Amino acid sequence: MESDAKVIPIHPSPYNLSRQAAEAQTVLDHIVDDFSDNPESMRYFYDLFRRVYCQGEELKHEGLLVGTTCIHAPEELIYAFGATPVRLCNGSYHYDQRGADFMPAKSCSLVKATLGMLNSETVIPKIGKPDMIVNPTTCDQKKKASAMMENMGYSVYDLELPSVKESEASRVYWQRSVRQFAERLRELTGRKLTRKNLKEAMAKTGRAQAAFRTLHNFRRQSPSLILGKDAFLVTNAYFFDDIGRWTAAVEKLNEELAQREKAGFKAVQSKAPRVLFTGSPPIFPNLKLPLLIEESGGVVVADETCSANRMLYDMTAVDEWLVNDMVDSLADKYLKPCTCPIFTRNDDRRRRLLDLVSSFNVDGVVYQAFAGCQVYEMEYRSVAEEFNKAGIPLLYVETDYSPDDKGQLSTRIEAFLESLKNRRKQRA
Amino acid sequence: MSKLNLCVVAMLATLSMNGHCEDYRSGERRVGQGGRPGEAQAAEWRAKRGYPEGKADAADAAATPPVSAAEHRHGGAPAAASGAPAISGKHEEGAHSGGRPGGMRSGGAVWLSDSPPMRGDGSRSGSARGGGMGGMDMGGGRGGPPMKRLWPRVGNDPQKSGFAREDAEAATEIMLVSPGKSEGEPLKMPAENHAGLAFEMPAQGYYRVYLTNRKLQGDKLSISVAKAEVANFGHGGDEEEQARAMLAPRFLESAPIEIVRERQPGEKQFFQLKSGDEQAYLVLQKGLPLQGARVRFVSHQGWSKEAVSDEQGRVVFQVIRDYYPQWSEFQKRFKAACLVIAEAEAAESGSYKDQSYSSVRYQATLSGSYQPSPDDYMSYAWGLGIGLLIVLFCGVAVYLYRRRRVKPFQELRFNESK
Amino acid sequence: MKASNTRLQAVRDAVNRVDLKNFRFWFQIVAFVLFVYGGYFAIDLGSRLPFFSCGYNDEGRAGICYLLPLQHQLSQPWPRLFSLASIAILTGFLTFTLWFIVLNKGWCGYICPLGTIQDWITALRRRIGIRYSTYSESQFEQLTKVKYLLLALMILIPLGVGGGLFSHDVSPPFCLICPARMVLPAFTGDVSQFTIDFSSKTAMVMTALGIAVTALFLVGSFVRKRFFCFFCPMSALHYLLSKPALLKLKKDGNKCTRCGDCYRVCDMGIKEIADDVTTVNIMTDDCTMCLKCVSSCPENGTLKATFAGIPIFESTEEGFIKRMGKGLQHGK
Amino acid sequence: MIYFAGIDVGSTAIKVAVVDENGKVAGVHVTSSGSLFHKNSIDALNTLLNKLGLQRDDVRYLIATGYGRKLFKEADDSISEITANAIGAFETGKAYGGVRTIINIGGQDSKAIQIDSTGNVVNFAMNDKCAAGTGRFLDVAARNLELNLEDLGDCHFQASSAPLNINSTCTVFAESEIIGLLAKGHGKAEIIAGIHYSIAARTVRLAKRVGIEDRVYFDGGPALNKGLVAAIQDELGRELVVPEYPQTTTAFGAAIMARNEFMAEQSLEKA
């Protein structure tokens, strides 16, 4: 009798057959196949995501690996110390569920997915174990994640970020934080911060930013030359791709867009409503909302999220190219222009949104808030008021990584886009 | 009073403020007449410091015993009018005269001063501008051209010269030469001594007054020319006019003899001679250099130095330092009068007023002023010393402050207030 | 018509791409030579200049800073001051204003020889590799008033002198403590200002004070950018007159991301330039119109310098990237 | 005569509306969705056409809307039910002096829509994922109380005391709460009133999110329930415009849309 019962050993299935790979595969197929006229130079990014997310290819990097959980961690400093930064923020529903095992169900998908990823055996993108994780003390959930990550056996550095960005005191505080971070990196890497190192690092990021800005500016064109889903894919690749390769690929894309511009190419119909995307960041494979917008006939022409614009747009200005001044300049760049809702007052976000609306000829704004991301949820009201006053339509979508609200969302988004079209018709 | 007017001129003219601006401040400062130290004291100083003593005219020096300030003020011994000048020094108003108490053997030369003796010469600072004399009265009420007043005085010592009186025997001729003019126009001798010679200065530039006396003494014709040069420059106004005035010749071709102060290199409108400076003078006769004239430079204190003009008629003096007040009374703008006297004899014969003469005695005077040299009261050593000290102190302070700031944490403490 | 427009645009683009640092460096040198040595070339631009072309630089100056004659005019005896003479003060002031209106505070950032010297001292410090100091916000707020205090004293003391309340040795009060009086003549070999005047107690105190301020100036401008400009009464006077000026610094607050890049490079440490998004004429009393903020603003057209309403230098993304890229490559 | 049709493929019912070229309603038809959306939709359309004596060809343009709009491939175009609802309510509301706010309670969702004076959607809000406060909730409650859905309205007014508080917002939990209340011996009418107020409160909150402007139009199947209408009116403190056929407003809107689009295309072709 008993002999019938047997222990069935685990047969680890290859990654590319996992649910997770399937999730990425579905989204990628959607991005690539369901849209025509994808730019030729986007193939680099499609391939990159296929390799990393679907095949689970390992990512190579130079020097030590420093994971970051937020855009507030100055990557230039990490590069200057010869280490490689990789942003750990994750968009996978699979990891979201893994994270829910040990985190409150109400917490935001992004944090759940990130920690779920860090807690799983198969970390995708396959970066290996970071030598250190920089965790800027931004929102409450990220703050609390710090100790959790430590418990998972990671070496975590809390980069202290002030909650107020207007005051001079917080600026000074943050500059000190950044200097201390550099000091910590020095201890970690055993290298020295020199003018030359830092300049080289800043040049790297500066080139990447310039490339991003060019791409960003191409999106001002109406009708659009490129779809938002591709743009999001590009900026998402910045999380983990080698910065040099990434920049070269974006520069190539820009060249193609320039040609498209010359040829009078249209990526969408002229009447496609132009949408500004803001709020919680779309991170691959959770490009649910941007994709819904674009398959419903809209086009995301600009965004104000920390997975794209906020990460790469603001550039550093330095007056005196001395180490001290450069580090302080970096600190300023990471604090002052940031429009993250974790800051107590955030007029800058409203102003930037309004500026994007006018400069990108935007018809309407889609505001994504991850359920559980209180700061975005709370800030919605003030943003909505401002937009109401300015007469700009705004769609607020509270969602998470799960695909089950797709049906309802598509109705709302379609209705929203229809109303945008109608407005345009009437104005014409 | 005249100083105030000067200011107004400056104000009205409203333009390029130049140089070191004494001109703006000039005039308000007045020093008590007793401010001048006694000569005995001065002599002592002189001896102590080994200052080069002006080689005084022997006769004059011998006749100049040291006097106290008090004596000087009240000294009223009449100066003998036995000298050649037609205008003789008469000390009728003894109390007011600046005349020397001792007898004055050679009655002294006639010269033009910008202050009457009663005020005490040179006790007013900043009276003169440029190489000439300053002090202008407002002409005809506000807004009119500035006015200048000069007093003919007699004596070889600027401080101790009394009013010159008209001499009935002599032929006196007063000429006023306006800037840029080559000829003068007659000026009237004042009826009252106190009134002085007054004239208006509508143009910018150097006004010159020539007071010429001709007198026959036996077969010797005595010609003396007292000259004063008044610089009239406003602040602003026509700059071209100023430049022209600066370059215009400053001698009179018809003058039988005259002394011209040679301009210092780089001299500007508001030039002020300082003690210690070297100053050249030219002795000219009818506009031509006169060689061999005996030229005496008399300082404010009466010290003098004599030299003989070279073939260019040129003679150079170093302005003596003779101002030694108490530190507390020191005035850096103390304006001391000085006097240059040139004398020459010529065996010229001719006739004057139907009387023939066989020789001519020429005498020319030029009055001027000088101020203490900045070297007397300015110290580079102290300036640089203090400057360096502060630089050093502040530099170290900043360094230490920065060092301290580098320390990681500064404790916050509260006051134990009840 | 259209062709000329595109040509104009091309010129504008070229200007906006200009390496302001270099341009300013040479511009300042030319201005310095002109105003410190111009006198040797018989250049005379009058005595109503709105910057420190020091009158004490007897030989070389090509014109005189207005503060000197102003203080002199104010120190005349009261009976004169309150009579016809005041017309002269007014006409002088008018001349000064006319000068000022042309370049606004651009005189400070581009012409003023004392400002240029401070920039040179700063360059020296930078070369040595010593970091600069800044004021904290509270210090800034306290110290920024000093220039108005100096301006008031600069007017009141000469008036007091004219009224016989103070000795003439304190006149002109500001010139006596102005570092330009010592520093600028020294450039023509005239170091006569580096002395203590022992002729009277007041003169002694004032000259010692002047030396002290000059010493502070040298140390201060070594550790802080444009140290003296922060206290400059001329700057205060400028600000009071700046409304009708032709050269203006303008900001489009809607485009501003408040990234603080402009604040970062500001020599004077003016926070408003970054944080104020409502004011259009963004020039503050401390501003020297060096336009570094414009050159380091990455947003198209957010900051711009306009002359009589015509934009002459605008912030552009392209220009920003070019300029910063140059800084990054330098000395690599 | 040419006709235009709109078909609203909802989760519980399929609504068809046909209008003539002047935009006047020719006829409406409502049928249950069942499980065969596609077949039932076609049946519903044919039924109505038969009733009106029309041929399929008489309908020149047909627009589908609603949850199942993508499934109805026969349609010439599809629009979201929000837009369709807004148009329908706007057209219907003209008779009542114009409406600006629309409350729609459907089978599985509830919406609040704000339109401007020309009928454009200015703002809208939908309930989140769960079915609380929707028609489905009423369904469940009626079943628990062993009543017909149609009788709920009348029952509402038979309550002898204040409506009971139904605290649970979730349909499933509310079900057990109702059973609990019944067990405690509370009257059915009070429970029903409680349910109506619970739905009303949620719906009004939704409407407040989009901003309420006069007048408020209420449609969707539950609008047939007079008790619910009264409860919403009470919560809202405003009058409600309830159309004669509240279920077909969206289908009517789609039909109007079909007519407008057809006309626009025609005029384009002419030009």
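Letters A, B, C and D mark the chains in the order given here, with residues in each chain numbered from 1 onward.
The working rule: a residue touches a chain if its C-beta (ideal position, glycine included) is under 8 Å from a C-beta of that chain, and two chains touch if they have at least 3 such contacts.
These figures come from a predicted structure and were not determined experimentally.
**Student:** Count of steps on the shortest touching-chain route from chain A to chain D?
**Tutor:** When the steps are counted carefully, the minimum from chain A to chain D is 1.
**Student:** What is the identifier of the chain with the smallest separation between its Cα mean and the overall Cα mean?
**Tutor:** C
**Student:** Based on mean C-alpha positions, I'd like to know which chain lies farthest from chain D.
**Tutor:** Between chain D and every other chain, the largest centroid distance is to B.
**Student:** Centroid of chain A to centroid of chain C, CA atoms only: how many Å?
**Tutor:** 45
**Student:** So, what's the distance in Å between the C-alpha centres of chain B and chain A?
**Tutor:** 87
**Student:** Indicate the whole-number Å distance between the mean C-alpha point of chain C and the mean C-alpha point of chain D.
**Tutor:** 72
**Student:** Report the inter-chain centroid distance for chain B and chain D in whole angstrom, where each centroid is the mean of the CA atoms.
**Tutor:** Here the centre of chain D sits 112 Å away from the centre of chain B.
**Student:** Where in chain A do residues touch two or more other chains at once?
**Tutor:** Not one residue of chain A touches more than one other chain, so the list is empty.
**Student:** Draw the chains as dots and join the ones that touch; what shape do you get: line, ring, star, complete or other?
**Tutor:** Drawn as a graph, the chains make an open path, so a line.
**Student:** Every touching chain pair, please?
**Tutor:** A-C, A-D, B-C
**Student:** Per the contact definition, I'd like the list of chain D residues that touch chain A in the complex.
**Tutor:** Result: residues 67, 79-83, 109, 118, 120-124, 126, 128-129 of chain D touch chain A.
**Student:** Name, in rising order, each residue of chain A that touches chain D in their complex.
**Tutor:** 393, 398, 404-405, 407-408, 411-412, 414-416, 418-419, 422-423, 426
**Student:** If you look only at chain A, which of its residues touch chain C in the complex?
**Tutor:** 166, 168-169, 172, 195-196, 199-200, 202-203, 206, 210, 213, 217, 313-322, 324-325, 328-329, 332-333, 335-337, 348, 351-352, 354-355, 358-359
**Student:** For a test of understanding, state which residues of chain C touch chain B in their complex under the given definition.
**Tutor:** By the definition above, chain C touches chain B via 44, 46-47, 55-56, 58-59, 64, 68-69, 72-73, 75-77, 80, 83-85, 88-89, 91-92, 133, 168, 171-172, 191-192, 194-200, 203, 207-208, 211-212, 214-216, 218-220, 222-223.
**Student:** Show which residues of chain B lie in contact with chain C when the two form their complex.
**Tutor:** Listed in rising order, the residues of chain B that touch chain C are 4, 7-8, 10-21, 24-25, 28-29, 142-143, 235-236, 239, 266, 327, 330-332, 372, 374, 377-380, 382-384, 386-391, 394-395, 398, 402.
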